[in-house]
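The following pair of complexes shares a single chain, chain A, combined with chain B in the former and chain C in the latter.
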Partner chain A sequence: MTGSIEVVYRGIFQKTLGQRITRGIVLAAVKEGRVGISFGRYGDSPERNGIPAKSFAVVADNEEDLQTYLSRYEPTDNDVTVAVDDTLCKGVESWAWYGLQPINKLTRSGGVVLTTSMQSPEELLEDCHRKDTEWSLAVLKGIASFSGLWVYKDDHTDVRVLGAIARLAPHVVKLESVEAAIRDEWNDELKVTSARKAYERVEARKVRPDEGNPERPYEFQLPKWWEMKEGLVIPGIPVQQDVEGWEGGYRPGRNPTFKKFATRTMRPVVDFEICTKCTLCWLQCPDSCFDVTPTGHYDANMEACCGCGVCEAVCPVENCITMVNESAFGDNASQFEMYEKDKDTYKSWLKGKIEDKATTDRTHGFQLRGKYEEEVQEIIREVTK
Partner chain B sequence: MSVSTKAAPAADQEMLISGCAAIAQALRLSDIDVVTAYPIRPYDTVMQAVAKLISNGEMDAEYIVAASEHDQFEIVKHASAVGARVFCGSSGVGWMYAMEAIAVTPALRLPMVALVGNRALDDPGAFGCEHNDALCVRDLGWMLTWVDTAQEALDTALIAYRVAEDRRIFLPCAIGADGAFLTHSEVLVKVPNKEKVDQFLPKYDRGDKMLHPDNPITIAPQVNEDWVMEIRKQNDEAMRRARGVIQEAYRDFHKIFGRQGGNPFVESYMAEDADVILFGQGTLSLPVKVGVRKLREQGHKVGFVRLRWLRPFPTPEVQETLSRAKAVGVIDRDYSFGSPNHGAVLYNEVRSALYDLPKRPHVISFVCGLGGREVTLDSVTEMSEILLKVAKTGKVEQPNYWIGVRG
Partner chain C sequence: MATELTVLPTQNLEAFKGVKKLPVEEYFTSGHRTCQGCESALVMKLMAKAAGPRTVILGSTGCMYVANTTYYSTSWVVPWMHTQLGSSGSAAVGTAAGLKALMRKNRIKQEPINVIAFCGDGGGADMGLSSISAALTYPEYNFLILMYDNESYANTDIQLSSMTPYGANTTFSPPGKARRILHKRWKKNMAGMLAAGHPECRYVATVDASYALEMMNRIRKALTIGGPTFIHSLDPCPKGWDYDPIQSHDLGELAVETGVWPLFEIEDGVLKFYGKSKSIAQGRKRKPVREYLLRQGRFAHFTDEDIDYFQKKIDLMWDRWLIPGAVCIEMGDDIRKQLTRAEQEVAAAEAKQ
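Our next item is the complex of A and B:
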């Protein structure tokens, strides 16, 4: 019998985490006398800042079953899909899978999506796209385990996920073999405890086909060879478009199929009251994601923003642009339109977003030196309690 | 740079010039826009000849001395993308050094014309002729042709622009010219007047693929595994179309200039009724033809077929000209170490082309003239005698011979 695990992670920041989870599955399977492979979804994307990327583990009873998978980029019937950042529940998007891939797309019928999150399953279900068949959503309580460039944050998220998988898919790996593999690989009893606690605490909830985000994720067809322009020539994007519903204003042309919001872990929220319209955010945004409003404000377009945070970094007005965790948002609606419609409602909405430390206190680790060391200890204390 | 140019001669001229200088004349007549230079023998005489034409005011082109062979090809690649007619070239290890740029050119469908002054690949530091340098682009999507005289070098350069820049093709074309024997030897060459060339060669029009502010496009974006097969298939189709476009170009060339009237792909010399045929490319055709004539005088039915275009490979012509013979000897000025039968490159191409024929000749590999070693009349006689014996007995004693190697 074959079992497979998919780990969806954020490129660079969680690359080692993803790899350690899938390696752990194989090491555990070997303890059961089975065979397995652990591999990264090959492509350029895993090396890019925050782009969704994947690792896989496939285990089988024998070499022949395993070899069926050896020349695959992606197993398509995973027993468990792990999202090590809960904002990935909004969908997966990169250069290597076209359009927006729902997080449960490659989860087999009856399989489980497992995510580390502080949100409830109900809140996460608003993000996860609907699936034709029944599936389960499991939440392992915890914040996303992010690290800075190439830095690994050893906060037990890897072994916790392994423990949770043993509970959710015992036919893939059993807890005893996970524990044995952790002892062998890391020689750390505290990690074994973490895995066991996760095994005990993880909870799964069945999801019916009529539950979840009803939106149809955007997709596009790959062209046939004779439909493509010869010579690797791609037509330019038209420079300017009017903004629908606005008198005046300006929206730069954007590639409708290029990477979009699924690469985002945080998004900018703008306080239009104190904005001086200095244009710096607009000029510096690497993806031209700001629409210029008829009033000369800059409205970060959430269909285009990849959440890099450059706008926040260059904004000269204190607290004018604040990066807020993507999980705090349910849609990609225009902030400026909300502001125009009702300024008071906008102000209280803004206040709620930027004053919640749980959603703003999140970085990719390149801003605060030494922060991880403290955080790691705190998380370990919490999860092994 | 802009210089005033002298009026081009109105009439055809006959000039005593080297093969490289003949190419330079073709570049002048083709009104190339950008040429790059980085010295390596034996290709370097073409850049010297072009420099002289520009300094004499006979030609107006951007002449860019590059920092390396690799830079040379990058420069013309990008110049071609903005609509410039370009020329570049190199030899031996220089050509190999540029390989990264050379390899990606076909996918971008940039019709650069390049000269490979064929030279042995170092080490040892040999300057002599060997075809392995140019053959490295055999499988990359470049069109590849070999010339045997300075006259053919000039004519082929004009034809190469016409074919490469045809919108149905847009592929780079490399012209193989034997180092020293062709590049550095001066012979009488008919240089046509500009008017005739203009009649033959239209302006390079890149159409909607031209990189220009008025035509905002991206060229060569990052692609991943989901796009590569389609791009390769497009190149394949262009190469398949090249066969017809080459035939058109030679037909028009013959009409306008009165030369190059035979089959564009192969030259068949006394091969129609031959029992045995020698097969090869480049300047060795000259002594081989003399040898064939001498053997014919002695009553031996020997013929010669010269391959002119290696890519696209002229399978029908090769099948037709060689299938009537009892034995074919493929003379290679190259080698493919460890290949089937320990034969050389052309040998394996020819055998592959003949394989599906119901009746096919024995094919022998002759490795000859490596590193600039001379292919002499004695070599031709030796090879012919081996073939005649095979034809007579119907037996192949060995599939491969090294001709002229000490030992």
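Our next item is the complex of A and C:
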């Protein structure tokens, strides 16, 4: 029987993690006398941090089945879709397609979406788009594992995901073969324990077609070749957008095709009351996210924000901009409009977001030498307990 | 018979007088596919903002082409054209010449149009160096070549370039057990080299987007002064340098504060340091390079010995070079003596008066 797994990860900082998982699946399948291949998604897509990318593993009983299965662009009926960052449950906007692809789009009917998260399945279902067949959602408790490109944060996320897959899709790989593969590959009993604990703990929850986020994912149709202008001319972007009720403010034109509705891991929230209108966030944002409001404030537009946190880093006013985990938000509405409408409601909304330390404490990348080692020890203690 | 050059007028782009006076318009806007915290994207944004609407931009292959203009999708507001990886120089001359010819033939309105060609460090300092050098010898055309330096071939997943710093981990220089440091070459000094070698080039500068206003004003000066000009920008790159994107701005500042990246401009052959580098040149203490290096994953394998070596090279540059960060030549004894003698003579003459 052929089985396929996709691992969806956020660009280059989770690339090694993605590869270790898909490679591990193939190594485990080989232990069962089967064959397999692990590969990255095809596309003219140099990886960027933040922007989603994919890695696949396909295993089969014999070469012929494997080859038959692989004679296609990419697996579209995966037994398990792994999201190694739970904010990907909001959807995937990668290089190779336009618009938003639901996280479960390439999960086969009856298949599983597995994500590492501190959220409950119910919370995650508010993000995952509806599917017209039944599927399952499984949550492996833990924060998203971000390490840098050159420095790998070995917090056992790789083997935990492998253990969980053995439980959720035993026809793809069995626990014993996963354990054997881990021993071979990493020669580390603690990693074997981690995989086994994940196997024991992970649970899938069935999701009916009427459950999940009912929104239609953002779509974009590319022009056909005969509709394009001669000489590969791409229309430029108009310099400004008019916004009703924003007279005296300014919203720059924005690329209508590629929006960052789901490419963020965090987003800024702004305390307009203590903002001194110094312009620094607006000036230093690499994504030109800030709309200038009629009152001269700066409103981070969620159509454009990639969640880098530079605005927080440059804001000279303490606690004026705070980066909050993307999972804490249900929509992309303007914070400024919410503030203008009802300042008190905004204040308590803001307070709720900022004071929840679980959602503001998140890193995505190498910060200081030594820091990872500390974090990793703590996480391993937690997951093997 | 002497030939006369016809040089078109340039736009008179006066320096911005403060962040509050900046125009709101963006000419490079949102919706590009760069990494979170990409400083090179910020360079594009600030460059376009400084140049204004009457500008044509040419982009060499690299992140700033691939991520900014993927299939039928762009973030450019002003006209932009893709040019080959090593050809920012020729593209700049060709476009400036083309515009000039069209104006002469009255095919388009006669007006000053900025021409900016950008390239990455791979496209500029390695592959395109000869074409940039050639371009800088054409005094009759107005254009700016901006090299955004993320210190690697970042788009194709971090191969080392001649701008990669000593010892950095790249796909071509992974540290191993037998050899910790695989990349032992020191970065070359593009701005200094190009200024020294191209007498017709009236403006060369280094910039850093963490100091946005100063950077934009350097762009405006280059475009206003006219002729062929060159700017070299150092861009922290979270992917290639391996750090949390929230630190991009800080790393840009640290590069200057540690003295790793001196900010200077050479206008009509006269050199000036500016910003923080000016006070460093006047004796202000530099931060230790350790602070800069240990925030980046590409140096995570460095031992104290490697850090000391790096520090020593930076010290040498500031203490002994003729022009720190630009001209890696020390003064010979006889020249030093000659200078001292000349100084003494001037002092003696002044004392007599």
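Keep this in mind: the second predicted complex is superposed on the first by the 364 of 385 C-alpha atoms of A that agree within 3 Å, B and C clash if a C-alpha of one lies under 4 Å from a C-alpha of the other, contacts with A are read in each partner's own complex, and residues count from 1 in each chain.
The rule is short, and it goes like this: a contact is a pair of C-beta atoms (placed from the backbone, for glycine too) under 8 Å apart; a residue touches a chain by one contact, two chains touch by 3 or more.
What you are looking at is a predicted structure, and each value in this text was computed from that prediction instead of being measured.
When the two complexes are overlaid on chain A, chain B and chain C occupy overlapping space and clash. Counting residues of chain A touched by each partner, chain B versus chain C, the larger count belongs to C. In the superposition on chain A, A:230 contacts chain B only, with no contact to chain C. Touch criterion met: A:286 reaches chain C, while chain B stays clear of it.
In the overlay built on the shared chain, the residue A:151 is in contact with chain C alone; chain B does not reach it.
After overlaying the two complexes on the shared chain, residue contacts for A:191 are found with neither chain B nor chain C. In the superposed model, A:222 makes contact with both chain B and chain C. In the superposition on chain A, A:131 makes contact with neither chain B nor chain C. In the superposed model, A:12 makes contact with chain C only, not with chain B. Of the two partner chains, chain C is the only one touched by A:250; chain B is not.
The clashing stretch of chain C relative to chain B, chosen from 19-27, 91-99, 199-207 or 343-351, is 91-99 in the chain A superposition. Counting contacts as defined above, chain A residues 44, 95, 98, 222-223, 228, 234, 236-237, 239 meet chain B in one complex and chain C in the other. Contact residues of chain A toward chain B in the complex are 42-44, 73, 95-96, 98, 222-226, 228-237, 239. Taken together, the chain A residues at the contact with chain C in this complex read 11-13, 44, 46-51, 95, 98, 148-151, 222-223, 228, 234, 236-240, 250, 252-260, 265, 278-280, 283-289, 292, 301, 303-304, 306-310, 312-314, 323, 363-369.
Within the complex, the chain B residues that touch chain A are 107-110, 170, 208-209, 215-227, 229-231, 233-234, 238. Looking at the complex, you find that chain C touches chain A at residues 19-20, 22, 24-39, 41-42, 45-46, 53, 63, 66-67, 69-80, 155-158, 169, 174, 209-210, 212, 238-240, 242-250, 294-298, 300.
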